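Below, chain A partners chain B and then partners chain C, in two separate complexes.
Presenting the complex of A and B:
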């Protein structure tokens, strides 16, 4: 009887401590996964009460998903997202690794450089995007002027972001400069954990710097490279703010499946647009498909990780 | 022979130092550029010279007290949202982390598993359902609408659980023998001994809330008085496309406090942000 009492007390106490977290978790993180699916089977009714939209939706079954299959804008947004991932992930990994290798030397001011490269990571992404919009802007933007100065004149009229070919790479470049300090810190702590004897052994075998990088360093930091690939993929699927601030999905000069498409319209931005146009059911369907894509990517990555390590 | 090697080593270091310096200038250039433009007079943003507006804080003052876009107010809103969000998150995560680390209770494994699996859900997909829930609760244009949905940080809970597990059980049981209540144990043993990790969770949440744009755009209508800095900036830019010096002055209100905070508490930021990677 006494033991039973103690177990009960322990349970009550534990739940009292957990309660605030658990309630918020269940309402705002667990339930939405189910609720989002329910919403995706519904559609906002026209002429609905603006303050009561969500209680007033009409059940449409799988119609939203069927519509999604034939939506060229949705497929295009997936392509752009994939392209964005390809543009950002290798750049961040290579730059992060290079910086880490450079900083792994005895130099004056190493800790200053470490802070300087990491700092942009913590700054507001909206503000950073606004500053880059200014730098990339036509006629007066300092980047365009620099290009003119070295003899490239093609960007004077529309700037970097007004040109469908350079808009997404331009955004990716800004985000690589903002984000590569994160990889740098991870690589740096991994490289510092590699015993010196490994490099000494390579020295004795007559390996040059390049060979040491390819045969010693990279294999030993592979888990971090994989981690950065996963993180980069997920953040491409989450990309929104930089697109919102820099291009709003445009310029609209690309043809795909017979329709004009925005050159930088990633799936996150397309989802936002549907939300902004109050197509909540359709937006929920898009987010569900994106969730499934993310889960598949995570599973594939988990499998690769398990096989290699 | 030794001398030659030393010279080569020296030259290598000089070259590395120069490369790293140029790199740092490139990486930090946007922020210098922001300050540079913020100090120019309106209409002369694109004249590349060193003539600045007088007094130098004129642009900052104008946006701080602007009538339709009161950035002083936005700054205060951001501060309220970030501070209250960080405080609640740090508190709830420590309480939850404590029971997950030190107690046995019904459904513990199951809850742990559910929390772990929500970490895989990309943030973007929460936009629509969370917006629907917040609308139903009538929390549009409120601080709680901005703060509460993000207070249950699973990452923060795991970070704290992992740390609290290392606190010896003997400390807790001896306090129990002395007649301490659960809350007293939490307050006098668990919290003081996990203060560095609690600080990390606090700072990371503060940063997350301060820079969160999408959610605060979603829960506020444009005429809301609760707009935070990033949302205010985005709306300001929509109206005054060409007033770059004012926009950049307003941007510094968001950038400068975070940069200072980062330089003071660097260790916590870096440890916290990389903790997920090293453990995963």
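Presenting the complex of A and C:
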């Protein structure tokens, strides 16, 4: 009996310590997750009481999900999201790795550059987006001026973000520069964990600088690369702020499945649009589909990461 | 197969820190040369200069007769075994061993043949598909050796390869390396701080201290005729006893007196004629623990040259007994037979083997002879 009591008391103590987190988790994570699923099964009708929207919606079952399957705008948004991921992830990884290799040298000022490259990461996406909107803007934007200076005049009228071909790559470029400092720090610590003697052994085995990078460094930072791929995919699926601040999903000059589509309308922004137009149930359904995609990718991640060396 | 010659080689780091200075060393083909010394003595630096992992500040380095100062490590035809093994963690044993050959674009069947041959010599054939993490320390060291062997280099370099192993394994691997040398008949240069490794492995021993070479000799010469007091104290375990003494030339004999009115020893004036110039001066007397005998245990009936001492500690090891004793003003370590047991405070009557005395200059530590 006594032992049982003690175990019980220890359990209670543990839960008490967990309580502050659990309260926050339940209110701000668990409740919205469950509630948005309920929302995704409902629809706002013309008769819904606008002062009490969330409790006065019509139950429609899986209709929202079925509608999604035939929604060319949704499929387009997934394509844009995928394209956005392709644009940002490799760039972020390659730039992060290059910076880390560069900063791994014992050069003067290395610690300054380490902080400098990491700093944009701390800034809010909104701030960075606004700065880049100015840089990319037509007529007076620095980037456009630079292009004019080297003889490219096609962007003078609409800027980078006004052109459907360059809008998304433009956003991706800005986000690569903002985000690669994070990968750099991870790569740097991983590289610094590789014993120096391993490189010396490679020297004696006859590897040149390039071969050392390909056969020693990259295989040994592979876990970081995988991690960054997963994180990048998730942040592409969640991408919203940069689109909202820089293009609002436009320019609307692309045709897909017979409809005009926004060149930068990623799924996160499409979700926001539906919400802003009071299609709460539909927006919730989109968010659930995105959640499932994210979960699948995370599971693949966990599977790959479990494979140790 | 090649000899290695260092001529006046120095390594001076930025800020004037000396790695090693004026190293003159010639290792002939197929020789096993051991560089030994305390940490920070420049032994690893010297090895890394030979490997080409660090640049030579001054002097010339020849491998197989070619000047290689400016040649990168990969073109020096050397192989190196590191203290921390330096295996590629993401490669299997087989991949680790074949990496150098693959980079050099050897034909596949040749690589396979060499890896299997080396694995057989080192008895690691069953480990070929494992990764370094799945191996024990001893197995990893064998893989590191294997990686060196498959290349069939002119010179093998070892940088304290056994320091990370436990005592038992170290003894075992030491013998393996010795066997390997007799099997491969290749020039080997081996760096260690362990004087037992140096004595047992080396055809030639280089003792270093503070970046300078103290002595180069074969193991027994180093043991029996150490050129400096440092070498005398570094090689041998337990180390040689050093006693500060005063020399007095008495015309038909020489008197050695322990400082502080301690023991006196009479020695032959002709045999030790080199001490005559030191008459009236202080010098250091060196005597190895096994060269001190106890008069009573050894049943020697003499009253001459007896050194009286009091036991302060003993370390019985079964086969031998290490006795720590105190004379008037110095401490002595005596190695005796394991059956000769003593108690704290026992009075000992000791005799020094007169043909095993070493004398060193007090000022520069050089051997007097």
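We adopt the following convention: the second predicted complex is superposed on the first by the 284 of 309 C-alpha atoms of A that agree within 3 Å, B and C clash if a C-alpha of one lies under 4 Å from a C-alpha of the other, contacts with A are read in each partner's own complex, and residues count from 1 in each chain.
We take it that a contact is a pair of C-beta atoms (placed from the backbone, for glycine too) under 8 Å apart; a residue touches a chain by one contact, two chains touch by 3 or more.
Since we're looking at a predicted model, the values are computed, not measured.
In the superposition on chain A, A:291 makes contact with chain B only, while chain C stays out of contact range. Looking at the shared chain after the overlay, A:59 reaches neither chain B nor chain C.
In the overlay built on the shared chain, the residue A:105 is in contact with chain B alone; chain C does not reach it. Contact comparison for chain A: of chain B and chain C, B touches the greater number of residues.
Of the two partner chains placed by the overlay, only chain C lies in contact with A:195; chain B stays clear of it.
In the superposition on chain A, A:115 makes contact with chain B only, while chain C stays out of contact range. Of the two partner chains placed around the shared chain by superposition, chain C is the only one that A:216 touches, whereas chain B remains out of contact.
Of the two partner chains, neither chain B nor chain C is touched by A:146.
In the superposed model, A:207 lies in contact with chain C only, and not with chain B. Of the two partner chains placed by superposition, A:252 touches none, neither chain B nor chain C.
Against chain B, the residues of chain A that register as touching in their complex are 10-11, 13-18, 20-22, 24-25, 27-33, 35-36, 39, 51, 53-55, 99, 102-103, 105-109, 112-113, 115-128, 130-132, 134-135, 139-140, 142, 145, 174, 177, 181-182, 185-186, 189, 224, 227, 231, 234, 237-238, 240-241, 244-245, 268, 271-272, 275, 280, 283-284, 287-288, 290-291, 294-295, 298. On the chain A side of its complex with chain C, the touching residues are 195, 197-198, 200-207, 211, 215-216, 219-220, 222, 308-309.
Those residues of chain C that touch chain A in the complex are listed here as 51-53, 72-74, 78-80, 82-84, 86-91, 99-100, 103-104, 131, 133, 147, 151.
For chain B in complex with chain A, the residues that touch the partner chain are 12-13, 16-17, 19-20, 23-24, 26-28, 30-31, 33-34, 37, 45-46, 48, 88, 91-93, 95-96, 98-100, 103-106, 108, 111, 114-115, 118, 120-133, 135-136, 148-152, 154, 157, 182, 186, 207, 210-211, 213-214, 218, 229-230, 233-234, 237, 244, 247-248, 251, 254-255, 258-259, 262-263, 266, 269-270, 273-274, 277-278, 280.
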